[in-house]
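In the two complexes below, subunit A is the common chain; its partner is subunit B in one and subunit C in the other.
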Partner chain A sequence: MNKRQINNILIWFSAIILIILIMTPGLWVVLTAFRPQVDVMAKPAVWIPRNLNLIQFETMLFGGSEGSMGRSPIPVLSYLRNSLIISFTSTFIAVLVGTIGGYGFARHNFKHKNKYFLLIMLTRTIPGISLSLPIFIIFSKIGLIDTHIGIILVFVALNIPFTIWLTDGFFRQIPRAMSEVAMTDGCTKLQAFWHIELPLSRSGIASAGIFAFLISWNEYALVSNLARSTDSKTLTVGLMDFTAQFTINWPGMCALAVFIIIPALILTFMVQKHLVTGLTFGGVKG
Partner chain B sequence: MAKVSLQGVSKFYGKVQAVKKIDLEIIDKEFLVLVGPSGCGKSSSLRMIAGLEEIDEGIIKIGDKEMNNLEPRERNVSMVFQNYALYPHMTVEENLGFSLKIAGLGKKEIEERVHEAAGILDITEFLQRKPSQLSGGQRQRVAMGRAIVRRPDVFLFDEPLSNLDAKLRNQMRTEIKRLHQKVSTTIVYVTHDQVEAMTLADRIVIMKDGIIEQTGTPLDLFERPATKFVATFIGSPSMNMIKATVVNQNNQLSMKTNDGIIVPVPKDKQNSVNEYQKISFGFRAEDIVPLQFGQKPSNAWEMQSSVNIAEPLGTETLIFTNFGEIEIVSRMFTPEQVKSNDVLDFALNLDRTYLFDENSGLAI
Partner chain C sequence: MRKFLNGPWVLLMPTLIILTCVVLLPLLLSLWTSFTPFKLTKPDTLYRFVGFRNYERLIGDFDFWIAFGRTVLFLAIALNLELVFGLGIALLINKITYGQRTLRTLMMFPMMFSPILVGFQWKYIFNDNIGLMNNFLREFGVIQPIPWLVDGILANISIMAAEIWSSTSVFAILLLAGLLGIPKDPIEAAKVDGCNSWQVFKNITLPFLMPFVFIAMTIRSLDVARAYDIVQMMTGGGPAKRTELLWTLISRTGYVDAKMGMANAMSYISIFLSIAFTFFFFYKLVEARQRLSYE
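Here is the complex of A and B:
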């Protein structure tokens, strides 16, 4: 065996270890969702599942039946509706505003441009959870607690800086001559943007969109403070419905977690191609 | 079809004045080349005509209409860029037809005009391809096709050939000239390459540091450079240029170089220079020839010097030799073998020397 082969084996070995480390918790969540509570709580742990069932999903959607823990259904459809409304709306607005912002930073020169850019990026250095109290106080004064609009606003604010950063990089990659040609070709500035620059930065915008969506979809800490009822509680916050005073229904919680993962997974696969080119292409700012 | 006129046009970038109050009249159907070293303001001038840069001072007219406050799309000009700037997400056909689509023309007319332009430029077979599937020369042709399909009043070319390799550049140069003959539209063409300027232009405008040094036909500029800069810029190899002081020797004004070499001032210039005046005198490579291999001019000044390097190019040979301490180049059109360190007698044709005032740079 020569040195290169040893190297290869080492690389593969570390890669496999790494993948196991990353995948195991996720796999455990999925497994737990299909196992009876007894198995989940067993000590010593039952590593290889003995029987799998769909009881948790049935209970979650239709209420308790025999063999389940006799719980009432949790309003998973309301949560799903809230999650969808909040994630899609906030993503749409964040991408729209962020793209315009990114275009502005990439294409226009104005005073203190770099300082503004830095300032916008700095807003993301504040840990989200530390914002929860001030946001809660402000929202309670203006009546935005437990509303879609309130939560959407928070996500829009969180996602715009990242979108600006990513799309700015993309617009910079498009030669300025491209829009200049379009303008001598008879376009207004807006038409040049719409027909030429926007399609060319599609993958960047798609990447920004998927990131914004995943952040909104998966966020827990802020929403758990701002959402009080089924009017605005999202799926992630709904996970807490499985905790009672003294018990936690782990299989039920995991079932909902699986339910949360699926749409995100589908969406990620759908834009995966863009995501890869997006990260390798737009990520480097010129 | 239109003339273009620039009246006292200036461009500032911050505090730097890139274009300094230039006046220029471009005649209808003329092929005008703006040439100069980088940073001379030629591109800025072109972009102001296109409407891509604000005009900070002065007036630009196309036809009789003032353009200052019009958007690029309202000026009916077409621009061809150095990096082609083809729309990568569109096929060649869509690239060509884009401006017509924006203008709201019908499908059928767009198709007709696209095919007409494609025919002129010989790109019909690529119409369904994307720009990424084309070679550099083909892309350049598409870029030109996109410009002509609109039937603009003026074509603007911004260094369109500098991304191509030497062979292709020569080929496309000829095509651009042919295109101008076919469509006979006013062309303003920017380049830093004086060969391109000489071969393409009806008239050349030489710019330096934001001002126009000289305007004229290629031969005008070659034969009668108005400034020292123009003299050295036009022509290849560059004109030999030697600094000297005018001295009086035996009641005849002569030029004494810094190395002490004395060359008589040509007879027709005797009254145009003064004693002690600081000047430069220039002569082209073909006007200093080795006597052994050439004909001695009627009004010659001779010197002996050894060859530093000889570059045989087939029809001609460039000989690098020393004039005092300064290296000059001589061009001979006989296929004789010349080697380094050969000592040759050179004859300088005094009737074809150019004198420039050292302070103003103007021709004497």
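Here is the complex of A and C:
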């Protein structure tokens, strides 16, 4: 064996260890969701699953069947409904407003442009928990605590900066000459935007949207304080409620965790390529 | 009017209005509240101005400074380790030609987990009774279960592990993007001139990667407060405040003890901490970018 082959083996060996380290924690949770409580609690541990079932998912979604641990203590369906309504609405509004803003930054030069850009990004820096305090005070005065509208409003503000960052980068990749040609041919500025720049940056905007959706779907610090009941609590808050129970039902919690991760999994795979280009583009080309 | 409609401001107006209403105005209220003894249970106290009393008390508050110091230390260790691991992973994947894309996709796995899920997953792994970690150690003869999330030092290490697991891939992915963009000519020229791999790495690869390091750092510094979700899930700041970070302390003071005035004073300090982190790395990014374009 020559030096090169040894090198290759070493590289692959470390790559495999790396993959194990990265995948195991998540896969262990997924596996637990399908295992009976007895196996999970067994000592010494049962490593190879003897039987797998869907009881936890049935309990969670349909309120339990015979032989399971009884009714699910967490109203998962209400939480799912809230998560979907809040995430979809806030994403839609954030992408709408953010794309317009990103276009403004990409196509116009004005005084202190970079400072405004940085200022908008800085609003994203504020820790969720710090922002939640004054918003909690305001919302309880005007009655927006525990409502969809209140939480949507906060999520829109949370997602706009990143949408601007991403769309600004994508718009700048489109040569200005294209819309200028259209405008000399008699298009208005709006028509040029609608027929040329918007279709060309479609995939970029889509990935900004998916990214915003994920942020909303995964958010915890703000919702946990602004939501009080099943009227507006989301799945992440539901998972936390589960841990606070006196007797922890690990397989049940894992089932809920799987439920939360699936949409995130699918969506992230869809955007992974655009995300990297979008984030590094603005940074390197200046 | 016509000039306004054609200019950038009409495009930025919706953004500015929303951010003003949802972020800026609440922050002003927050600032005011930090100068009052406001308690949720006594609404009238919102209108009583007490000057810097909350801040003065914080300066003498031992618990606050412990949490503050722990937060800074936690971030310093976590971010540095994430950078080192991320760089290592990026260099490794860069060496692999067959299956590189698949590896890159697998690498993004942790990025899909919300912080609350990361916290849950590691809470389960580090559970002293049925967790993966203790079950695994038992196979090797460690019968006495290790109290990962109960012991002060171990709990901090466990939280750190969760944080590093969830964020290293951000560095790995962005640094890999940087590595793939490095022009091949200077590297080959340097090798012909007799540079060894360490010299090539130090003098060519690393300077080229620096902007990407700072992009990753800037992006990370935007959401360092995500650690709140992880800690809240894994230990809730306990046991006996031994894993308390600034953010869990704020939430306890504000919502559990209902001392909103004090919590807002703390949260202003946390906001300045976050902004300082972001500014620092953004400044470094601009600097590295300029140096690269001069050379």
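The working rule: the second predicted complex is superposed on the first by the 239 of 286 C-alpha atoms of A that agree within 3 Å, B and C clash if a C-alpha of one lies under 4 Å from a C-alpha of the other, contacts with A are read in each partner's own complex, and residues count from 1 in each chain.
Operating definition for what follows: a contact is a pair of C-beta atoms (placed from the backbone, for glycine too) under 8 Å apart; a residue touches a chain by one contact, two chains touch by 3 or more.
Here the structure is a predicted model, which means the values were calculated and not measured.
Superposition model on subunit A: subunit B and subunit C are shown accommodated side by side without a clash.
One geometric descriptor of the composite model is the angle centred on subunit A: between the Cα centres of subunit B and subunit C it reads 90 degrees, in steps of 10. Of the two partner chains placed around the shared chain by superposition, subunit B is the only one that A:C187 touches, whereas subunit C remains out of contact. When the shared chain is aligned, no partner comes close enough to touch A:N53: not subunit B, not subunit C. Touched residues of subunit A, counted separately for subunit B and subunit C, are more numerous for C.
Touch criterion met: A:L18 reaches subunit C, while subunit B stays clear of it. Contacts of A:A45 after superposition on the shared chain: subunit C is touched, whereas subunit B is not. Figure legend note: subunit B and subunit C, brought together by superposition on chain A, show a least Cα distance of 11 Å.
In the three-chain superposition model, subunit A touches subunit B and subunit C at no common residue.
Residues of subunit A touching subunit C in their complex: 11-12, 14-15, 18-19, 21-26, 28-29, 32, 40-41, 43-45, 97-98, 100-101, 103-105, 107-108, 110, 116, 118, 120-131, 133-138, 153-154, 156-157, 160-161, 164, 189, 214, 217-221, 225, 236, 239-240, 243, 250, 253-254, 257, 260-261, 264-265, 268-269, 272, 276-277, 279-280, 283-284, 286. Residue ranges of subunit A in contact with subunit B, taken from their complex: 175, 177-178, 180-188, 191, 195-196, 199-200. Every residue of subunit C that touches subunit A in the complex is listed here, in rising order: 6-9, 11-12, 14-15, 18-19, 21-27, 29-30, 33, 46, 89, 92-93, 95-96, 103, 105-117, 120-125, 130, 132, 135-136, 138-139, 165, 169, 173-174, 177-178, 181, 211-212, 214-215, 218-219, 221-225, 228-229, 232-233, 247, 250-251, 254-255, 260, 263-264, 267-268, 270-271, 274-275, 277-278, 282, 285, 289, 293. Listing the residues of subunit B that touch subunit A in their complex gives 50-52, 71-73, 75, 77-79, 81-83, 85, 87-89, 98-99, 102-103, 146, 150, 156.
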